[in-house]
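Below are structures written as structure tokens.
Heads up, the next two complexes both have subunit A, just with different partners, subunit B and then subunit C.
Moving on, here comes the complex of A and B:
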């Protein structure tokens, strides 16, 4: 009888609900009002943050120990390692500020996602080795790292070279990257679909090279970092409040050293901004790092001095094309980089390929927008692809997109570490196309620099900012 | 006493009528002069009190605390000078006025004869403190902190009002000098326990007692430097002072009521010291260490022996100076790096060695190094606690060890080790800051020579 009564009541409830929805939404309005009132009471009770005048939940906090400008993979990697390496836990308050929560123009999401150790600079090799190790073990790392399906295809990265860089080979062996060199005949044997015309040597990574899904890494890092207590804010950094003091170097020259006290974060589509008081700023703004550095006054000074040395990172547009070729190379296709600079890799299992080519200095496209130039593919990429892989003579481009390289115009290698004059700004940017693959290692390096005062796992002192002033180029020969 | 109160009241027109470049100087110098005027009161020539009028008196318990209050005002003004720099002139004057107002109320509280007057001024001190915390504090959490502070203290002291009015009607008078003779021990009825609780609860919340201490870390961390200083140095001692006065008239047959609070204090002392070991925020660490030291004072007052009263009084004065000094040091760090996290500003010894000397002395007095007055206080309390119950020596011993641990941890983390890269261009120590630290340390070190003046009424 009791059950019957309940059923009746439930039935009546259903009918009642049906009636109300038919009448057009008076009930949902009421529940919304109630939940709003509840939210207001909750925020006024002790224990919640309370601003009596207006709702400030969209604004960043008024104080944060570290502010990371830029929420791409490099910024998130720095945040992750800062939280991981801090002792004791929960000591540092980190805020990640990004202009665009959809990452529509960020280089991370638009990247092709390859990872290789075949660099000529030992630091680059070490960075990539560490990153591969991190990516391989990403799911068994700390407890609670959300499952990241990175799809790390440990396929091979083949760099086809026209001249022998013995120096490269020696440093690769020294660092422990497993690379083997193949002659044109061996290359023909291994990949019969290659036309080895004009190839002197091919270097072929045996382990730890390939590609992965950068969006997965970004989202995984983002969730992990949020679970570790890092705050996110969508806004644009418009100003740094600094204070400067004049100091003398040991040789008697006067320099002006600056310290950043506050970061002004402006909200989207509004004039509202929040000054965030901070102890450190980390510039991981990718292609726009140059502008952020200028806000801090880096580069404002007579040219030729340390004060007048700008951060030489600027956005450069690169195109990526996605095509389908039914007779193309099969599952064993590595990430192939050709002598001409064109590269491609397999995407998925349906004879689809992704690839592109870096334009020469003269044909640099205008980085004002992310429009794709399809003629570039016709004129510059396709001929080289068709020459190297004859099957690609008949292909159909399905889609294309463009992304920015945070291009370091000085020597195309990253800038890591603090600025000598603006003492509490650290850089993690300028990696010119290989930032995604080195992000975990660079994040760790910057976190060590912040927390311990020196690089510990990988010594990146050759990648500091001061090299721009001293003119010491750290050149990388294998650039894609 | 009017010779102290009237000049302090006149400090307010002094502040408002000073020229903009003389505001800080005038208020600092004149408040220092007022503290000098307070010194002759220290000359207590009899065991009884110095009865100056119907309303005000001073005896050897209230005089050290009064001296501490008047000494602290110039120090608060010196400490606030930097962070108030960017405010408008009217705001600066308002800030100083709040501090002076607080000072007036505190002087009158410590020298009040009538318990009702004591109560009114006890509550009145809340208002300027609340204004200082919520208006000039650092972050949005300060509103929360202000609410906690206000309501904890208010809720605790309402029963006190009822109890005081009741006692006035039964005993006939609430004059502090008379009630110790008027109140007679009676046969215990359970209402007496409630009365005991009503009297003591307000002061327990103020001290704070371990279970009621939630407002303290919030208020201390969110308050500006002057607010932290006055909170740590004096407002906490109001609770101790009140307890010391009230126990003179309470019925000794209900002494069993103290047991729960003794347990809370003993346990809380060890707990809050342990929390200090895991703190990452510098101000939070000093706030919890205040709770730990005050727990010792509560225990001492509850067991009511002559030695423990002496220890409580000495510990109150010593802790006031030490805690205020530690807050000033933490603030000098904060002004330079804009962060209160300890690990972000390390290795300061290489950059600011004189400040390290002050840090060292502050840490040494905080961990009660002999022959500082902190040690005298702690030692007297420990010895009398041992005679009350042999077992408590274990917990007290553990507390002393943990106090040393966290104090040294704080010292080594901020001063020693390799400095972080981003602090190597911080501004060197100002003379003003060094003066501030010295003015804190000088009484601490000089009192070692004649601690009798801070040992209170039982000496």
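Moving on, here comes the complex of A and C:
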């Protein structure tokens, strides 16, 4: 009986097979179906991004301890130091959200990349000194930083001043920056190609000043930070879900404290968004930090109160020009900033130079787009350059680009630390053109504030947000 | 870390400068089998956490070893003065020093006699040969205190980089001779910092693997230091023949 059944089955199988081969076969459809089934099984296995309804692999995670809005050099620096200083390792989940992963409009990549310690504010000097040390040791910190070939030219930053800032020199020496002051005769001896007409004093950075490639630093930081376990997401922050509570200060005034609970991250070219539940938000959005702060309700209140004080950071467009001058100064050319505000530096070995000038308040270009105004070079930059370096009378502009400064309209210095009312939003922005050179130090300061509650390495309490409400300007005299 | 044979050189003769260091280039770019080994190691590091951790640990150990060797001996400096401290540092690393008016003192297998050094407490050092030593940015502190230093040889030092060169401006008054031949980490950016050394008369920048355009760099450095004799690459190095010259000119080789 058994054998009979077997025969029957075999016979039917043969018949079935025979029928299908006779009809012409459905083998191509079959392989497609098999591959589809394989894909479905793979996504359902642990480790795959399987959602019963749809694929969510492009969305950010639903929970994150820290959300950093802005993936430029400041945001990445904060992420790096958070991961470096956290105890125990892997304790904090960090998410970096950036609108554009190509960094096409980010100030970091478009920056000229100079670094100097010649500031008038002691905090700025300390920040730059720390950052220079960080850059010097960058390849030694870990095996994964090896490709950061920063190309820093040390000791070559001259600032030409008409007013003698002797106070500045004293504070520079106190902080340990190595700067020497030169008279016009000494300047002429050292750099014969300069026209010292109208120069009263020149201050020359001997060590730890120069320029580097900001894109290299950005990519190096990005890779290092990814290897430390920070998540990245390309999306735009459109909303903060907050909750408020009324509190009373010790003097009996009522204040409304806010807490951010969720960050809504919207995907590119779509209406899809993901609410990310978070404990802290770090605003490192550069030129757009003001808009991000407004989303959190900073500045929405009666003017003159703490609720009504907005973050005074706005984008300002700056042009950078790249030119070639065959008779120009050679290998010893420093990063030179002229009395008129024009600056330039050498680029490469082929007598190419990069430079520009900050416009005055009345001439501020419209920050709506990044179009370059070439007439600005002709009218405002070239005359000053040609006056200072006569060889630049015959130069040829090869290309130009524009970038944004995250300009702090209040006092042109950065904002660091928490907001007094929105208790879990921290700022790391508003550096108005010297953010790149201070980024490593600022990142460490914000990470210390987040993890330990106070500044430990460098005391930046004068750069907190509260100074906007109290009206205490922390001015920097040497702004380029 | 010192190569013991090279220490028995007599004070360097300058016309041998360019040819002597040629053998270093093989040490910088690994040969075939070594390169395959490194690729395999990198492959494993990218895929296994344990391999990565071991590599990182060994790297950190190496870094801290160099750091320890470059610690500044402030006690010695306070007691005996900067010259003895500098001499002690260089001899500990495996280099050689020359006091003014005396012969070269080098650290041999028998070690040097500290009592011999102490008699030179007030005598300035005029030449330092730190070739093949593991001297780095921090260790350079000891050398920068030697204000009468006239000749500094940093040939084939593996940890001397552009940042170290930026510190040399402190020796600008006295330094007349500087050799950086064969240092793997020096690039043209560091060489740009040398323009402070206005008293420099001889500079050797041959065989620097990190310099992108040796011929062009040589020209620019010569322009930057007009009173200095710069030994290094030939200006034609790195230039290629044009296509019309290439076919006809096989008989006469280009000077390299």
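Keep in mind that, in the parts below, the second predicted complex is superposed on the first by the 434 of 480 C-alpha atoms of A that agree within 3 Å, B and C clash if a C-alpha of one lies under 4 Å from a C-alpha of the other, contacts with A are read in each partner's own complex, and residues count from 1 in each chain.
As a working rule, a contact is a pair of C-beta atoms (placed from the backbone, for glycine too) under 8 Å apart; a residue touches a chain by one contact, two chains touch by 3 or more.
All values derive from a computational prediction rather than experimental measurement.
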After aligning the two structures on subunit A, examine subunit B and subunit C and state clash or fit. fit
With the two complexes superposed on chain A, say which partner A:278 touches: subunit B (first), subunit C (second), both, or neither. first
In the overlaid three-chain picture, which partner chain does A:451 touch, first (subunit B) or second (subunit C), both, or neither? first
Pick one for A:310: touches subunit B only (first), subunit C only (second), both, or neither. neither
Quick check on the superposed pair: does A:247 touch subunit B, subunit C, both, or neither? Answer first, second, both or neither. first
One more residue to check, A:261. First (subunit B), second (subunit C), both or neither? first
Now for A:330: first (subunit B), second (subunit C), both, or neither, which partner does it touch? second
Touch test for A:136: subunit B only (first), subunit C only (second), both, or neither? second
Comparing subunit B and subunit C in the superposed model, the one touching more of subunit A is B
Mind working out whether A:86 is in touch with subunit B, subunit C, both or neither, as first, second, both or neither? first
Smallest separation of CA atoms, subunit C relative to subunit B, angstrom: 18
Both partners, subunit B and subunit C, contact subunit A at residues none
Help me check something: in the complex, which residues belonging to subunit B touch subunit A? 138-141, 143-144, 147-148, 278, 280, 337-339, 341-345, 347, 418-427
Which residues of subunit C touch subunit A in the complex? 45, 52, 55-56, 59, 63, 137, 162-163, 165-167, 169, 187-193, 195-196, 212-213, 216-217, 220-221, 223-224
Can you check the complex and tell me which residues of subunit A touch subunit C? 136, 140, 142-143, 151-156, 206-208, 330-332, 349
Contact residues on subunit A for subunit B in the complex? 46-52, 56, 61-63, 65, 86-88, 90-93, 245, 247, 257, 259, 261-262, 277-280, 418, 423-424, 426, 449-454
